[in-house]
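Chain nomenclature is as follows: A, B, C, D and E, assigned in order of appearance, with residue numbering initiated at 1 for each chain independently.
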Amino acid sequence: AKKTNSNKDEIRIGILNTPNDVAVARNKGYFEEAFPNQKVSFITFDSGVDANKALMSGGVDFATMGDTNGVVALTAYIPVKLLWINEMCGSNESLIVKKNSGIKNIADLKGKKIATPFASTSHYSLMIALKKAGLEHKVTLLDMDTQNIVAAWKRGNIDAAYTWQPTLSQLQSDGRVLIDSSDLSKMGYSTGNITLVSKKFLKEQPESVEKFVNVLAKTHKLRKDNYPETVKAAAKQTGISTADADKQMRGTDWVSKKAEYSTRYLGNESDTGQFIVEMHRAGTFMHSQQTISYAPSLDQFKKFVYQPKGD
Amino acid sequence: MKKKKSLLITTGVWVCLLAIWFAVTNLKLVSPILFPSPQEVWTTFTSILVHGYNGISFWQHLGITLFRLFSALILAILTAVPLGLASGMSKTIHSLVDSLIQFYRPIPPLAYYTILILWLGIGEGSKIVLLYLAAFAPIYISCVEGVHHLNQDYVLSAKSLGAGKWSIFKWVIFPGSLPDVFTGIRTAMGVSFSTLVAAEIVASTSGIGWMVIDASKYLKSSVMFMGIFILGGLGLLLDWLLQLLEHEWIFWKGKN
Amino acid sequence: MDTLVKAQNLSIKYPNSDEPVIIDTNFEIKDNEIFVLVGPSGCGKSTILQALAGFIQADGVLTMNGQTIDTPDWQRGVVFQNSSLYPWFTVKDNVGFGLKARQFSKADIEKRVAYLLDLIGLSDQGNTKTFELSGGMRQRVAIARVLANKSPLLLMDEPFGALDAFTRAKMQKLILDIWRQEKTSIFMITHDLNEAIRCGNRIAIMNNHDKKIIEIKDNPFQNIDVEELDDFELERKIDKYRKSILELINQ
Amino acid sequence: MKKKKSLLITTGVWVCLLAIWFAVTNLKLVSPILFPSPQEVWTTFTSILVHGYNGISFWQHLGITLFRLFSALILAILTAVPLGLASGMSKTIHSLVDSLIQFYRPIPPLAYYTILILWLGIGEGSKIVLLYLAAFAPIYISCVEGVHHLNQDYVLSAKSLGAGKWSIFKWVIFPGSLPDVFTGIRTAMGVSFSTLVAAEIVASTSGIGWMVIDASKYLKSSVMFMGIFILGGLGLLLDWLLQLLEHEWIFWKGKN
Amino acid sequence: MDTLVKAQNLSIKYPNSDEPVIIDTNFEIKDNEIFVLVGPSGCGKSTILQALAGFIQADGVLTMNGQTIDTPDWQRGVVFQNSSLYPWFTVKDNVGFGLKARQFSKADIEKRVAYLLDLIGLSDQGNTKTFELSGGMRQRVAIARVLANKSPLLLMDEPFGALDAFTRAKMQKLILDIWRQEKTSIFMITHDLNEAIRCGNRIAIMNNHDKKIIEIKDNPFQNIDVEELDDFELERKIDKYRKSILELINQ
């Protein structure tokens, strides 16, 4: 976390403390391998909110965050590009209710207290789920960090929460999942964690960006080829048990590099990716919720996406 | 005449700053996220005044914030003033409670907020208690000081005029320490006020402090700036009101 | 005259020091007399007054009307050098403070207060705030406040020390008038010998070394205003008297 | 003798509380998350002392926190004292800067922290500036007051002794307002200290405040309690040190 | 004797009020004289002193050695009722303050300070903190501090008003000794007529109404200690003199 101007000797990466591809690459030493002459430093953020602030102030060159925070970054004209989808959210993010609350389905949530970290992918997923059930203004939403969700859950202050792992497993002993992000994804409201790269860095060191993508792609490949080893690396890096890591990773989808820049996800120069379309949808929805001040156009989203050279 | 001049300078400073702000932002010398323009902040303000924020009207946000602040302050006054005066008057009570208060006083509120939430839940309770704890210590301490600084002749006179313990408390010690008590209340309000945003960070969806925090999540700078201005103005206003009250009630202050 | 206060082998030590300030002093204050105590700064005058008031504890015998003095009491009203009037009360409320504390009826209080305000010439200032009064006025209110209780003994610690010489002369006259009218006893500390001579029935003298009252002199010149005198024979006598006191003080 | 008694009572209170804490937690009357037992807190403490927390030694955590605090305080002293004294002495400077400081003063630091981060980045800069801003206002204000409360006879005497402006400042106004300045510094330290946790909330991986926040994320109550005790003790210690310094340097305080 | 200070048609108004406090007063202070000003509280004595010191502006003529007084200056040293010694400096540093401010050499300062400490009898207390001194000692240091500058004029506003009567008598003697030795002029305010008579070469009198000095009397009794006198003829004269002043004051 040095000063604002990025220098050639250091690559600063903002990370989330979850068992994702960045964690695996770190553990495996892929970064050192790819950047032998540069110092790679990692700055942990609690959420994409802080990561965005860091990108804005030039404190990091890359940052991982939920795609909703990516929408915020675009809306706020932060000079960044969408580089990579780290993972697609699935059962690792879900809406969980207390077992004894008598809530059987989403409709039963009417008048209940639901907690979620605002501005997160979970928040977005929850809002979509509620909107679909016509409950948008019929529940009490509470903005809480994941740790406070656990505390509030234990005390019985909340009836439900939309949150992610590892928080989720702490609630699962007396909770039941109503819906998870893979369900929403099927309806066309996918969410995922993405990595943004600062435009300045991209301009100065395009080849480093390329290498960065390849590092992450390598982990995605590793997962496909040797899942247990990937889990072990992720667990070690984030300091959790392999079982926990397995549970968390199982709920996510790591896309191959080829798929990333295909029409299913980020798209390419000619065709718009499906994920981008859904991100645009999210932007429009967030604007309708007044959480962002305007809805960026699909064109803006298209320009937002990084395109790898050649390959 | 001198007063007029200094008022002129002060106005000048603000006008200048506003002008620079206006110029710098409108010439697009800085990113609007780093520094939104005054028009933008103003538009945001009027729009929030009309449409509210997050589905709740501006006045409700303000109301809930003030409710939390005043509940905490009133609670603090009701408990800290008696305890502080008692601690000032009785050595025994002082040795019972003073060290506890001196110990908790310097702890940053955010450090124990999580524990408060664990104990009291996420509702208004923990928020108000957080603000209450912030307000309690300054009031308590200035009450103790108020009694200690009291002119001893006041008490001695009262005794040799035949006043009993209760009369002395009611007519001498209490009014005599009021100036200090009031200073304590003003400090307490300042401290509570600066804890306000921390209190509204967790499990809130209303309040001016929450609004600023929420806006910062979406990097809505104009809302952040607006919130900051509102909080600054509100802080000034509340302190000014307390000063008015002080002037009215403690008319003898500084006149002896 | 009957004895009101009796001090025998009185010794006084402050709790925070080992050295006694007053050692083995003896004196009596009689009914309806003005007993003036003079002595250099720091000799222990105020200490004796505090013991009389019951503010601090003393060893030896110290009684008033036969009862040991060990606590403050409305029967011994105190007037300090800088009036300790309560600034949050009006003049009236200050004067009525003792009676209110002693739960007299409202009507009684009002009557007595009105009478006293008249006595001190401040009838029009009853509802004034005390910080709006001049120093002399404030000291008059402080005196009225202890008079309200009809205390048999008034203790005054340099009551006019903070006033200028010209106001002071007027206050001395006032005290003598009040004393005659209210028939109370007064114990008064001063470091102005003229004041002592003008006001005292008897003058007690302390010096810097003995930690006690070394002599108590009858004062034949009470109520004589030296500055307006035309009898030089008398004036000579007063001067001689004053010098004899000074000599004792400076011993 | 009286002092001994009150010390006894105070000790008694703490022993009692500790005993209750011990009893309640060891009898498992409350969940260890809500209230960890004293042994647990102690074990956590010794283990962190030996092994550090999050791969960083305890002393480094403490060091970085103190570094942030003192950098901010020293910066604040170096800027607020000259500005405050100048503002106290000159009406013009007062009208130039006072309203700005009065306006920003009541704003809760957390409200503008995001903006500081946007401007200054996530490094030490924004953290120290946050603490600096919290410390600046109290020092400035008490400097202004120090000059205003200065016995006018001091300045008049100096003038008629032939002292020029600079001599008057150096030998009269500066030492004469030192007691107030020091009070301001003590207040500033308190305010900065209570902002410490807020400053270490964002993008930190070290510092005592961060440790508490991090522990609260994983509901490690024993670490939270330990952190709270350390912060409380640290706050007391620092204030006590300042009081010692004050006693040493401002030996004439309260003696006139 | 030469005229040191000249005041003609002097009027003084405080900036925050419209009513002038002093109107059209005239007086002169001569070289090497003690000029004493007496008058009731609030008549404007301190106001005149402040104008002389240059602390406040006055209308009319106010000159010292022919130069208009409009700013404070080391040539006019001021001693306040409650000494304004700097508590953060030692006794020595306080006495040497003016010389240091005027950039005298260290050696010069030390010599002069040592001489003055000897003069006021505090040679042993040079390194003492001022708050450890008694009231009388402090006032002596305050006087030494202005003497250090060899100011031709000393302005004293009730310099001994806060001291007890017995210390005060000693200070009066000290002032007269110093005045003789240092050959300075002194302007002194007091509300103690005995002090005025003992110290003054001339006594200026103000009353409560005229807002000016109504008369300036030569004082033939300077340096006579009334309380130790044995010549009753002289005493009678002094008494008459005092009464004539009192009459003027109470007009």
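As a convention for this text, a residue touches a chain if its C-beta (ideal position, glycine included) is under 8 Å from a C-beta of that chain, and two chains touch if they have at least 3 such contacts.
What you see is a predicted model; the values in this text were computed from it and never measured.
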| item | value |
| --- | --- |
| Steps needed, at fewest, to go from chain D to chain E via touching chains | 1 |
| Chain pair with the greatest number of C-beta contact pairs | B-D |
| Between chain D and chain C, distance of the C-alpha-averaged centres to the nearest whole Å | 51 |
| Chain A-chain E separation of Cα centroids, rounded to whole Å | 84 |
| Separation of chain A from chain B, taking each centre as the mean of its C-alpha atoms, in whole Å | 39 |
| Shared interface positions of chain A, touching two or more other chains | 53, 56, 145, 147, 151, 154 |
| Junction residues of chain B - those touching two or more other chains | 33-34, 114, 118, 216, 219 |
| Every chain pair in contact, whichever chains are involved | A-B, A-D, B-C, B-D, C-E, D-E |
| Residue ranges of chain B touching chain C (in the complex, touch as defined) | 151, 153-154, 156-164, 167, 171-172, 175-176, 178, 251-252, 255-256 |
| Touching residues on chain A, where the partner in the complex is chain B | 49, 52-53, 56, 72-73, 75-78, 115, 118-119, 137, 140-145, 147-148, 151-152, 154-155, 157-158, 290-293 |
| For the chain D and chain B complex, residues of the former touching the latter | 2, 5-10, 13-14, 17, 33-34, 91-92, 94-100, 102-112, 114-115, 118-119, 190-191, 193-198, 201, 209, 212-213, 216, 219, 221, 224-225, 227-228, 231-236, 238-239 |
| Of all residues in chain E, those that touch chain D in their complex | 53-55, 71-74, 76-78, 80, 82, 84, 86-89, 97-98, 100-102, 129, 131, 145-146, 149, 155 |
| Complex interface listing, chain A residues touching chain D | 1-4, 43-46, 50, 53-54, 56-60, 145-147, 150-151, 154 |
